[in-house]
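Chain naming follows the written order as A, B and C, and within any one chain the residues start at number 1.
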Amino acid sequence: MNGVSVDINHLKKGEVNLGTSIMAVTFKDGVILGADSRTTTGAYIANRVTDKLTQVYDKIWCCRSGSAADTQAITDIVRSYLTYQVGSDNFERPASVNVAASIFQELCYNNKDNLTAGIICAGYDEEKQQGEVYSIPIGGSIHKQDFAIAGSGSGFIYGYCNENFRKNMTRDETVNFIRKSLGQAIKWDGSSGGVIRMIVLTKAGIERLIFYPEETYLVPKEFEIPQAA
Amino acid sequence: MEHDPFKWGRPDNATYGDYDYRISNAKNTEFPSMHTQQPIVTGTSVIAIKYKNGIVMAADNLGSYGSLARFSNIERLIPVGKDTVVGISGDISDLQYIERALDELEVENDYDGASHPFKANHIHEYLNKLLYQRRSKLNPLWNAVVVAGINSDNEPFLAHNDLLGVQFSSPTLATGFGAHLAIPLLRKVADKEEDVAHVTKEQAREAILQSMKVLFYRDARSSNRFSLVTIDKDTGISFEKDLKVENMSWKYAETIKGYGNLQKF
Amino acid sequence: MTSIGTGYDLSNSIFSPDGRNFQVEYAAKAVENAGTSIGIKCEDGIVFATEKLVSSKLLVSGANKRIQTIDRHIGVVSSGLVPDGRHIVNRGRQESKSYKGIFKQPISIPQIASRLGNYVQVYTTANSVRPFGISTIVGGHDSQGYHLYMIEPSGVYWGYQGIAVGKGRQSAKSELEKLKLPGIKVKDAIKEAAKIIYTAHEDFKDKDFELEMSWISEEFTNGRHEFVPEDLLAEAKKYAEEDEDEDDEDDEDDEDEEMAE
């Protein structure tokens, strides 16, 4: 064979993965999404400033975990569904978070054999005037929650989040809650790291926040791994 | 200029030869196609028992992700029509699919003005066809399903159905761990079909509560929160949600010291 | 009609020189000669009623329904060619199902009306098909409340407070206007609808008919499209029949008055 030989299985193996820590939390005025910024290919950090928070409609966003290619493709399809199908009918109101999450769910469920995608879909529902969070883990089930965590780093913070989450927190309380939670996830999970990005979705609008390691969440004392005496 | 975008950016054909289309057409060499299915988010046992006038069924509210207790608010008892409840264990995404399929079935059945309402045996028949069809496509719905309700003869109906398309009926039914741990307890109350006539609603309910407790003791994928449903041929369906396992016995742990009988402290 | 013999009425895809599609106009004729159907939008619901002309005494009474269901929350009644009415409902069911498959929520009434309107319109543009010989009333309940639409053979569709199609539509429409819609309760609308159908039947006096009625109401049917229960139907029929008699008496009074003048 004279052509360039391509090992298809190898491409699949070396796939870029979002070994991740992501979360979304409803609060008094809406919802806040948060994510780390690390993308890895095996142990190599392919991108240390990734943006894993993706807009699918005005105030409907998602956190992506799993295969970068898969989740980007899914997100693009959902975005086009919402923009062209719902948005173009003049009698239709803005897309609801529920509908967006349902489309994610349908795509993930129908293509479960070929996808590695764990998605949190969250947004501010203009009609209900509240934040909503839907978790869509691999397999393609859908779960409405007050807050959701996902990705490889989330395993380390189930306890912390469960103990510290409260309904109807203020914006600042919620930002702090996410900062501390993701800080811990990044600390213990080798596949998570970099900066913490957040998106605040409220009636007022969309706000982006960013927290850097040395300034905010990785203060030296916290970063020390406790050793036995 | 090369007008086929597929050829853009490729090494020169003159040097390396034409693109080998067997690459883009390549299939997985070992299998023609594969459904790499395994359950992801799962629900554990569903248990049910018949009594004189109906059925009591229960399932806990946990959605496990491997050993991680990921979701704590999963409802696995799904009412269909006026007098049937379907209890589902196994994969939760498939549970939600079955939920949608049953909803669609109900809509279609109501097209002619709800003149022929569904009975439990109809639902069971439908689910069996669905599960068998999917296993025959080597792409099973990863569930075990218990259909409980009232049948066309207005008698209590209880039947089991699973990912292999297997179906059977019994006065007591349980899926998963329940088949090992709950069935012996439930059979103490109703062993054979003829025993059912002597079982009261209270006895059936008590046996179910007892079984849920044992399952919580011994099933590592269970939780202490559960839903329970009573389907009575006279009074219809009554749901009890957010129940908690009660009257557990843990105090005796205090008396257990060491692993033999030698250790004093 | 002026179109006859000009050749411009032979195909869907050919306009006449003055810009008319005669096939569509002929389709409208099929509706004009059919039993009357009405839809009423009320404060608290939707009511459908139709004058089902009974073509044979051998037909089972109460069977062969003409009001149909697209989804739990959407009802349809059409006047014109009966099989066309069945076909459009099948299409509606497919649309509703596919919408739910993607969005996981019931299709809204404006959406289904739009989809059916577009579907009907396509049948006016190709010469291999004929337009639908029906006018279809679509109504239902969704998150935005109650809606009522009517789709014509041309594919045009508008939203209405109350609408009548079929042979008796003129008298029915003037009766509907008197109701000051939508300021009416469903339970009253059922009676009025029966009365309107009975009045509209004047145009088909020589034929037998059955009154068929359905409704959608959050309070009474849980937002679902259902046939009006027997007792309410009987009550409405009684009201309509009494009123008919009264009208006759009124007419006589009018005559007396006129004579007195």
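Definition applied: contacts are C-beta pairs under 8 Å (C-beta built on N, C-alpha and C of every residue); 3 or more make two chains touch, one makes a residue touch a chain.
For clarity, every value in this text was computed on a predicted model and none was experimentally measured.
Participant: Please indicate the chain closest to the centre of the assembly, with centres calculated from CA atoms only.
Facilitator: Centroid comparison flags B as closest.
Participant: Using the stated contact rule, I'd like to know whether B-C or A-C comes out ahead in C-beta pair count.
Facilitator: It is A-C, judged by the count of C-beta pairs in contact.
Participant: Tell me which chain's centre, taken as the mean of its C-alpha atoms, is farthest from subunit B.
Facilitator: It is C.
Participant: How many angstrom lie between the CA centroids of subunit A and subunit B, rounded to a whole number?
Facilitator: So the centre of subunit A lies 29 Å away from the centre of subunit B.
Participant: In whole angstrom, how far does the Cα centroid of subunit B sit from the Cα centroid of subunit C?
Facilitator: 45
Participant: Using mean CA coordinates as chain centres, what's the subunit A-subunit C distance in Å?
Facilitator: 50
Participant: Would you mind listing the residues of subunit C that make contact with two or more other chains?
Facilitator: Those would be 104.
Participant: Could you say which residues in subunit A touch two or more other chains, in rising order?
Facilitator: Residue numbers touching two or more other chains: 105.
Participant: Show which residues of subunit B lie in contact with subunit C when the two form their complex.
Facilitator: Result: residues 100, 104, 107-108, 110-114 of subunit B touch subunit C.
Participant: Where on subunit C does subunit B make contact in their complex?
Facilitator: Listed in rising order, the residues of subunit C that touch subunit B are 65, 68-69, 71-72, 93, 97, 100, 104, 224, 226-227.
Participant: With touch defined as at the start, can you tell me which subunit B residues reach subunit A in the complex?
Facilitator: Checking each residue of subunit B against subunit A gives 10-11, 16-20, 23, 26, 34-37, 39-41, 63, 65, 68, 70-71, 73-74, 91-93, 95-97.
Participant: Would you pull the subunit A residues touching subunit C in the complex into a rising list?
Facilitator: Touch list, subunit A to subunit C: 81, 89, 91-92, 98-99, 102-103, 105-106.
Participant: For subunit A, which residues count as touching subunit B in their complex?
Facilitator: 1-6, 8, 105, 109, 112-113, 135, 137-143, 145, 155, 158
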